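Note that the chains take the letters A, B and C in the order they are written out, and that residue 1 is the start of every chain.
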Amino acid sequence: MIAFSHYDMALLLHAMLRTIVLSLGGGCLGIVGAVLLTALRLSAGRALLPLRALAVAYVQTIRRVPFIVTLYILFFCTGMAGVDVSATGVAICSIGLIAAGYLCEILHGGINTVPVEQVEAALALNLPTWARWRYVIGPQAMSAVIPPAVGYLVLFIKDTALASQIGVVELSQAGVILSSRGLPSAQVFCAVLLVYFVISYPLTCLSRLLEKRIAVH
Amino acid sequence: MSQLNFHPVLLRLPFLLGGVGVTVLIATLAFGLGLFLAVLLVVLRFENKGFWCKASRSFSTALTNTPQLSQIFAVFYCLPLMGLMVSPFLSVVIGMTLNAAAYLADILGAGMARVPPVYHEVALTLGLNRRQTYLRVILPHVGRTMFPALANHFQIMILGSAMASIFGVEDLTGRAYDIGSTTFRILEVMLVTGGLYAVLSFALTGFFVLCRRTMERMV
Amino acid sequence: MPYIDVRDVCVRHGKNETLGEAGFVAERGEIVSFIGPSGSGKTTLLRTLIGLQPVVRGSMTVDGRVVDMSAAGAAKILRDQSAIVFQQFGLFGHMSVLRNLTLAPTVVAKRTRTEAENEARGLLERLGLGDKADALPADLSGGQKQRVAIARALMLRPSLLLLDEPTSALDPRKVHEVSVLLRDLARDGMTVVQVSHAMSVVSSLSDRIVLLEEGRVRAVGKGLREAAQEPDIAAFMNAHGSDPGAGLPVGQLGPQQ
C-alpha cells in the first residue's frame, strides 16, 4: 500500500532523529538558560539592577517574536559574523534562546507560588541559602513548574518543524523532499504527521498525568 | 564582520508595515473561523456522548500533537489532489483555522467544565431551549472566564502566522524575506521585523487588558 | 545583668515607623508576653528577635553577648540562639513531620540523621505525637500542627523560644496543655517570648508583660500575678476580655486530661 522505498524510510528515520535532537538539545539549553535568567531576576542588590532589567526585557521580548524570525536572525547573524556553525547548531541555539524565555517565566512564576511564610520558616531555622533552595523552595516550586514546563516542551517539539527553513532536514522537510521525489503527497504527509504524533502524544499524556498528580496539592 | 546597514530597510519600511496588516488579517481570520468551529466541536462533546464526542476529541488530539507547519503543508499539497485549486493565502488560513479549532476547542472545553451546573438548571427552569441556553448563558460565561486563555492563543497565532511566508504569502515575515532578497540586507530586515512583532504583541496585550476591563465593567 | 536585654529597636516600613525605640529585658527562664492592640508592633518586635525584620537600629544582649541587630550578619547570630513558632506554623508541607524536625539539625548543626531522628521521635512522644512521625502536616489537626511546630523549634535547642499567638488555633483544653508545656520549658531554663491576644493565658502564664502601643513600649509589668496589676496593663487587659486578677499560675489549675 505504501510506496516508500527503503531509502525513503531511511530519510524519514534520519529526519525523525534530527527532530528529536533539536528538541532535546534546545530543551536542555533552554533549561540552563531559564535557570540563569531566573537567578538574575531573583537577584538582590542595586548593583545587579541593570542585569535584572535586562533579564526581564529579554524574557518579555523573546516570547513576542516568531520562532522563524529568531531563527533567521541567528542564522544570518552567524553568517555575517563569519562563525562556522551548522544549521542544526543554529536551530538548537534558537530553540534554546526561546525556550529559555518561556521556561524562565514558568520557573519564576512557580517560585512565586511558594508562600512567604515557608521561606521565613526556613530562614528562622537558620538554613543556609543552598539548603533553603534544596529542601524548601525547590521541591515546593517544582509542583507548580513541572506540569506547565513539560506542556511547553511538548508544544515546542512541533515548532522544531520550522528549522527546515534554514536547511535542517528534519521531519517536515523530509516530507517535502519525499513529495518532490514523486511520492504520493497524501501518503507522505500522513506519514510525517503520524511520526510527529508518535513522538508528541505520549508526552502530552505525561504532561496531563503530571498535572493531575502534582498540581493538586 | 561587515557593518550593519539599516538604510535600505528603512526606505522600504512602508511596504514592511503593510505586512503587519496581512499578519493580523491571517491571524484574525483563522482565529474567528477556528473559534466558530471550536464552538461546534465543544458543543458536540457535551451534547453527544457517543461517536461525535469521540470524533471531536480525536480531532483535537490529532491536531494538537502534530505541527501546524505540517498541517498547512498537508492542506497545501493535498487540496490540489482533490481538484481544489486554492491560493497559498487560503491554504494557510485553512490550515491555521483547523489547528486553531483544535486548540480553542480544548480551551472552551476546560471553560465548559467549570460552568456551575446550576446554570443549566436555571436555564431549564427559565424555559430556554438548548440553543438559547448555549448562546445566551453558557458560551458568554465561558467566553468571559476563558478570555485570558483565548487572548493568549490569539497571540500565539500572530506568531504562528509567520509560517505563511514559507508558502509565499506576503505577510510581515514574507515581505521581510522579499526585502532581504532584493537588498541583501536580510539580517537588518529580520531585526526590524522581530522588533515589529514585539511591538505588535505588546500592543495586543494592552488591547486585551482594555477589553478585559471593559468586560468587567459591563458585569 | 538581665539574661536578655533588647534595646532601642527601630523598624521602618516605607516612611512609617512601625517600631520606635522598643525594648525589654528578661531573666533566664522567664515567660514574657507582648500584648497590645492590633498594629501596635507586637509581631514585628517578635520577628526582629530572630532577624526576620530588617531593623534600622537596635541591639540585643543575650547572656552577656551583644548583637548589633542592624549589622549585616546579625540575623544568623540571632537565629543561632532563638527559635520561632509561627502563628500559621510554617510547617513544610512536602515533608513528613519527622523530616520537618530533623531538617535543620542535620543540615545546619551537622548532626547525624540517626541521632536527630532519635531525638525527634523522643520529642514527639513527649508531646503526644509519637504516632505522627511519618504523617504529612496536611493530615494533622490545628493543635497537632502546632505541637509539631513547637517540637521543630525545640530541636534547635534554643535559649530563647518565640511564639506568635500560640493559642489562637486551639480549644480551651489544648490551650491548657500548651501552657503547661511552656511553663515546663521555662522551668528548665528556656526564656519564652510570646505574642498573645488571649488575656487569660497572658495573665496566668507571664512573668513579665510588655504592653505595646503604636510601636512603642507603653508599660512593663513584672512578676507572676503582679504583672497584670500595672495600671495601664490592667486597663488594657480588662478592655480585652479578661479579669486580670483571675489568672492563676498554671500549676494551680486542675488535674490534667
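To be clear about the criterion, a residue touches a chain if its C-beta (ideal position, glycine included) is under 8 Å from a C-beta of that chain, and two chains touch if they have at least 3 such contacts.
Source: prediction; values computed, not measured.
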item	value
Most distant chain from chain B by Cα centroid	C
Chain pair whose interface holds the most contacting C-beta pairs	A-B
Cα-centroid distance, chain B relative to chain C, in whole angstrom	57
Gap in Å, rounded to a whole number, between the CA centres of chain B and chain A	21
Centre distance in Å when chain A and chain C are each reduced to the mean of their C-alpha atoms	48
Interface residues, chain A side, partner chain C - complex	117-118, 120-128, 131, 135-136, 139-140, 143, 217
Chain A - residues contacting chain B, complex	61, 64-70, 72-73, 76-77, 79-82, 158-162, 164-165, 171-172, 175-176, 179, 185-186, 189-190, 192-193, 196-197, 200-201, 204
Contact footprint of chain A on chain C as seen in their complex	50-52, 75-76, 79-80, 82-84, 86, 88, 90-95, 103-104, 107-108, 138, 152, 156
Chain B to chain A touching residues, read off their complex	1-2, 61-62, 64-71, 73-74, 77-78, 81, 155, 159-163, 165-166, 173, 176-177, 186-187, 190-191, 193-194, 197-198, 200-202
